[in-house]
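Multiple structures are listed underneath, in C-alpha cells.
Two complexes are shown next, each including chain A; its partner changes from chain B in the first to chain C in the second.
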Partner chain A sequence: MIQLKNVSFSFDKPLFQQLNLTFSAKRIYGIVGADGSGKSTFLRLLIGIYRPTEGKIERSDQLLYGFVSENMGLYEEMNVMENLLFFGQLYGLSKEESRKRSEELLAWVKLEPFATRPAGKLSGGMKRKLAVIRAIVHQPHCLILDEPTYGVDPVARQEIWALIKKIHQQGTTILVSTQYLNEIAYCDEVLFFHQGKLLTKAPPAELMEQFPYRVLSLSEEKRLQLKDLKQLRQMEGVLDAYFRGTELILLCEDPQAVKRAYEKERTDLQASDWIEIEPSYEEIFVSLMKRGGGNLGD
Partner chain B sequence: MIELDSLAKRFGSFWAVDHVSLSVGKGEIYGLLGANGAGKTTLIRMICGVLTPTAGKGQVLGLDLRREQLKIRQQIGYMSQKFSLYRDLTVEENLLFYARIYGVDRPKERIASLIDQFSLHQVKKQLVSALGTGVRQRVAFGCALVHQPALLILDEATSGADLFTRRLFWEHLYQLAEKGTTILVTTHYMDEAERCHRIALLNRGKLIAEGKVSELKKGVQKENREKSSLEDVFFYYMNKKREA
Partner chain C sequence: MWRKIYALMSKEFIQLKHDRRTLALMILLPVIWLVAFGYAVNFDVQKVDLFVVDQAQNEDSKKVKDHLNKDEEIVIKQQGQTVAEAERALRQGEVTLLIHFPPEYQIMAKEEQQKLNISVDGSHLFSASSAIKKMQQILLDVQKESLEDLKKQVQQEMSQIALTEPDPSSPPIQQNQQLQMRIKEQLEEKMKEQQEKLENLFPDSEQFTPDIDVLYNPDLKSAYVMIPGLIGLVLLFITTLMTALGLVREKEQGTLEQLLVSPLRPFELLMGKILPYLLIATIDFLIVWVVGVTLFDIPFLGDFVSFFAVALLFLFVSLGIGLFISTVAQNQQQAMQMTILVLVPQFILSGFVFPLESIPWGVRWISYLLPLTYFLPVCRDLFLKGSSITEFGFELSILVVFAVVILLFAMLRYRKSLG
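What follows is the complex of A and B.
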C-alpha cells in the first residue's frame, strides 16, 4: 500500500537514511519513540507533508488518508457536529451524506449528547475522540494518528484504543505513534525510533522472541541502594539495571555469570534471591537502543 | 509521615474525596493512581494544607491537617505539572527566590549544591522562558527541594515528559527516598505507578485498592487466571466497583 524505497530525509540534520519499508493494507502499525526521536517527522513524510531528500515513496492508486496531528487542530469555536460536517464537505461528501456519516460516527464514540457543544468545551478525552472520527468521515483507507493518547487519563486511553480497533475492523490501515510502550501490544507491527534513527520494524511477538538478553528481578526483601545499582551497571555483561518500585530489574547476557560475580560483592545475596522474568517492552526498547549505538540521554 | 483517617471533602452534594484512610511511612514512595475526577488533586490539596477537609482527620509530618495548615505548607515540597517557575527570572534567581520564601539558611550554598545536583551549571544565568521542558522540569524540581523538605509531593509532575526524562527523574526520587525523604506521587501513567513502592487506586473519591504493585498484580492474576498488567489491575478494580 505504501512503499519506501531508499528513502533518506534531512531536516536541519540528517534524520532517516536509506529506509526500505513496506506498509501493507489492514494492519495496525505502532510508531514508538521519545520526544524528538523523529516519530512525527516520519508520519509527515509518509503522508506527503514532507518530501524525501532522496529515494521515493510509492503509494497505491487513489489512496485516501485521514490524519490527526498531535494538537488535533479542531475548530474550537465550532460545535462537535459542525466540525464533522465541515470536514465531510471538504472531502466532497454531499450535505446529506455528510450528516448521515457524522451521526453514525458520533454514535460510535457516544458523543451524540454533545453534538451542539463547542469543541473547545469538551474534555481532553472527548476532544481526542472527536479528532479521530473527524479524520474518517470520508472513509479513508489509511488513518494516521500522531500521539492520540498523549496526556489523557487511563479511561480515555482505553476508549481511544477501542475506537482505533473498531476503525481497523472496518478494513482501515492504522499508523499510530505513541510514547507509551504498553500500547505496542495492540499493534501488528512496531517501529522503534530513537534520535532520528529507525531501530527496528517488527511484530511485537517477534521482538519478544528475538530479545537476546535475560531479565532478572531481585527479590524485594534484599533492598539494594542506588550505589549498588550503579555498581551493577558497571559489571561486565550487564546491559542495564534500574529500580521498579521495590524490585531491582537487571538486563544481562548471562544470569549465572552475573549472579556469581555479584555474590563476591554482596555475600548476603544468594542465587535464589534472583528470579528470571519476561522482558517488558521497556527492556526491549533499551536493548535495541544500546545496540543501535544510542544512549539513554544520561 | 502521612496518616489519614477517613478523610473526606464535599463540594455541594458531591464527595470529591470520600472517606479515605491511608498511611505513608518515612522514605516511602507512594503513588496515587486514578482517572481524571477520581479525587487525586483534592486529596493532595488537603494533604498540602491548602484545602480544609469536610470530615475525617489526618496528620502530615506529625502536624494536624486542620489546625496546622500553615506549618504543613512551610515544611513540604510541592511540584505540579505547571512547574510554577518565574519565566522572566533566571534559573539561579528562581532558586534563590524560593530559598528566601522558605527561609533557607545560607541560601547561596544551598542553591549551589542544587545546581550541581541537577546539572544546571550551563543554564544558571539563563531566563527560564528560554529553556526546554526537560531542563525546566529539573529547575522546578530543584525549587521544590530547596528547603530540604521531609515530604515531597509531585502532582502529575512528569506528565508530558518522555520515557528517558522520566527514567532520570526517577533515579533522583529513589536517591531522595534512600536518604529518608517521603514522596507522594500522583500519576495516570502505569509505568510511573509501577515505580512507586506502594500505590493506591482512587475511583470517584474512594480508595478502591492499595498495596505493592507486585501484590496487586498477583491478586488480580488469581481471579483472572492470566498474567495481569497494572492496567488490567486498574480496570479490574474499577469495574468491580461498578458492578457492586
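What follows is the complex of A and C.
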C-alpha cells in the first residue's frame, strides 16, 4: 500500500537515512519512540506533508488518508457537528451525505449528546474521539494517528484503543505513533525509532522471541542501599542498568555470572537479592537502542 | 473544485459567526473610523476662545469688538486690563487667542504704538491657524468698513462745500447774482472732477478683494477629504489583517495540516481563505460609501461601477500583502504586528492625513512605495470632482503592477510555505 524506497530526510539535521519499508493494507503499525525520536516527522513524511530529501514514497492509486495530529487540529470554536460536516464536505461528500455519516459516527462513539457543543469545550478524551472520527468521516483506506493517547487518562486511553481496533476491523490500515510501550501489544507490527534512526520493524511477538537478554530486578529493600548505577553498568556481562519507576532493572546475558560477580565486589548484597523477571517492551526498546548506539542517559 | 472552496468559505463564516468579536470588529470598525474621521478628526476648528485687553476704549476698538462679537466662531471668553493676565490665560490654555488694543489704538494706524497686538497659542496647531485666518478676515472687514466710512465722510464734506447756496437774504444785485451763479457752476464742475478723482483714489473695497471660488469642496470640510480616503484605509486594514490572520490561525491551531492532507489543492485553499474576506471587505466598502454619501452628505460625482472596479483592484493588492504576511508570521501576534507595521506608514505617508507635498523628500520616497498613495487620489477625485478613471492611467498602472507583483510573490511564498 505504501512503500518507501531509499528514503532519506533532513530537517535541520539528517533524520532518516535510506529507509526501505513496506506498509501493507489492513494492519496496525505502531510507531514507537521517545520524545524527539522522529515519530511525528516520519508520519508526516508518509502522508506527504513533508517530502523526502532523497528516495521516493510510492502509494497505491487513489489511497485515501485520514490524519489525526498530536494537537488534533480541531476547530475549537466550531461545534462537534460543524467540525464533522466541514471535513465531510471537504472530502467531497454532499451536505446530506456528510450529515448522515457524521450522525452515524457520533452514535458510534457516543458523542451524540455533544453534537452542538463547541469542540474546545469537550474533555480531553472526547476531543481525541472527535478528532479520530473526524479523520474517518470520508472512509479512508489508511488512518494515521500521531500520539492519540498522549496526555489522556487510562480509561480514555482504553476507549481510544477500542475505537482504533473498531476502525481497523472495518478494513482500515492504521499507523499509530505512541510513546507508551505497553500499547505495542495492540499492534501487528512495530517500528522503533530513536534519535531519528529506525531501530527495527517487526511484529511484537517476534521482538519478544528474539530478545537476547535476561532481566534481573532488585528487591525493594535492597534497592534503597544501591545508588551507584554506573558501577553496575560497568560490570562484565551487564548491558544496562536503570530505574523503571521504583524498580531497578538490570539487562544481562548470563544472570548467574552477574550475580556471582556482584557478590565478589559487594558484600552488602547477595545473589538471592536479584530476582529474574520477564522482559517487557521497555527492555526490548532499551536493548535495541543500546545495540543501535543510542543513549537514554541516567 | 468549487464545492471544496464553498465548504472552506462556509467554514470561515461559521468561525466568524462563533467569533463575534472579530465579526463585530470587521463590521463596526469602518463605522467607528467613519465617526472618528468624519466628526472627531476634524481640522475645521469651530470655536476659538479669545482674551481681550482694551486699553484704548475708543470708537475704533469698539468697532473691532463689535465685529468680534458678531462672529460665531470667535468667543470673547475673558476681558481684562493688563497684558500679563491675558498671557497667563493663554499659557494655561484657557484661551487660544489674545487681542491687545494699546491706549492709542487706531484702525488706520500710522504709527507702531497705534497697532493692534495679537498673540496666538501655537501649541494648538489647528486652532492657532484657524484663529489667525479668522482674525485676518475680521480685521480686513473692519478696515474695509472704515475705508468706506472715510470715503463717505469725505464725499459728504465736499458736497456740502459744493452745494452751499448764496444767501437769499443778501440784497439782490443783478450783476453779482449772475457772477455768483457762474462761480457756483464752475465750482460744482470742479467738485465733480475732484469727486471722480477721489473715487479713483478710494477704490470700492468690494472690488479690490478678489473673489475666491473654492471648487469641489466649497466649505473646505475635512470630512469631504477624509471619508473618501477612509475607504482605502478600511479596505487595506480589513483585508490585510484578516487574510494574514486567517492562514496564520490555521497554522497555529494545527488545522492547516488537516487541510493539507485533504484533497484541497493549494489554489483552492487560497481561494477558500481569501474569498470570504474579499466579500466582507466589499461590504465594508459599501458601508463607508453609503454612510459617507448619506450621513456626511459627501457628493459622489463619479461613476460608481468604475470606482468599484478600482477598489477591487486595490483589494487584490491588500490581499497580496495579507497573504505575504501569513507566510512570514509564525503566530497571530506576529501577523498583527506585521499588519500594523504595513498599515502605519500608509496612514501617515500616503497623503491620507498630511499632503504629500508637505513631506520632506528624505521620507517622501517611501510614500511612493505605498499602494494607498496611488489609490487615494483616484478615490478623492472620483468622489469630489467626478473624474473618470481614464484620467488616472498612471495611478492605475502602478496599482496593477503592485497587485501582480505582490500577489505573485505572496503566492510563491505561500506555495513554498505549504510545501
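Note that the second predicted complex is superposed on the first by the 273 of 298 C-alpha atoms of A that agree within 3 Å, B and C clash if a C-alpha of one lies under 4 Å from a C-alpha of the other, contacts with A are read in each partner's own complex, and residues count from 1 in each chain.
Operating definition for what follows: a residue touches a chain if its C-beta (ideal position, glycine included) is under 8 Å from a C-beta of that chain, and two chains touch if they have at least 3 such contacts.
Quick caveat, the model's predicted, so the values are computed rather than measured.
S.K.: Can A:G151 be said to touch chain B (first), chain C (second), both, or neither?
M.R.: Touch partner of A:G151: chain B, not chain C.
S.K.: Which holds for A:R244: it touches chain B only (first), chain C only (second), both, or neither?
M.R.: A:R244: touches chain B, not chain C.
S.K.: Pick one for A:Y65: touches chain B only (first), chain C only (second), both, or neither.
M.R.: In the superposition, A:Y65 touches chain C alone.
S.K.: Check the residue A:Y180 against both partner chains and state whether it touches chain B (first), chain C (second), both, or neither.
M.R.: In the superposition, A:Y180 touches chain B alone.
S.K.: Contacts for A:W108 in the overlay, against chain B (first) and chain C (second): which applies, first, second, both or neither?
M.R.: neither
S.K.: For A:F211, is the partner it touches chain B (first), chain C (second), both, or none of the two (neither)?
M.R.: Touch status of A:F211: no partner.
S.K.: Taking the superposition as given, does A:W161 touch the first partner, chain B, the second, chain C, both, or neither?
M.R.: So A:W161 meets neither chain B nor chain C here.
S.K.: For chain A, which residues are in contact with chain C within the complex?
M.R.: 44, 47-49, 51, 65, 67, 69-78, 82, 86-87, 89-92, 118
S.K.: Please give the residue numbers of chain A that touch chain B in the complex, ascending.
M.R.: Residue list for chain A touching chain B: 34-35, 123-125, 150-151, 153-156, 158, 179-182, 220, 225-226, 242-247, 282, 285, 296-298.
S.K.: Which of the residues in chain B come into contact with chain A in the complex?
M.R.: 29, 34-36, 159-160, 162-165, 167-168, 170-171, 174-175, 178, 188-191, 194-198, 212-214, 229, 231, 234-235, 238
S.K.: Flag every residue of chain C that touches chain A in the complex, lowest number first.
M.R.: Where chain C meets chain A, its residues are 3-4, 6-8, 10-11, 14-15, 18-19, 253-264, 419.
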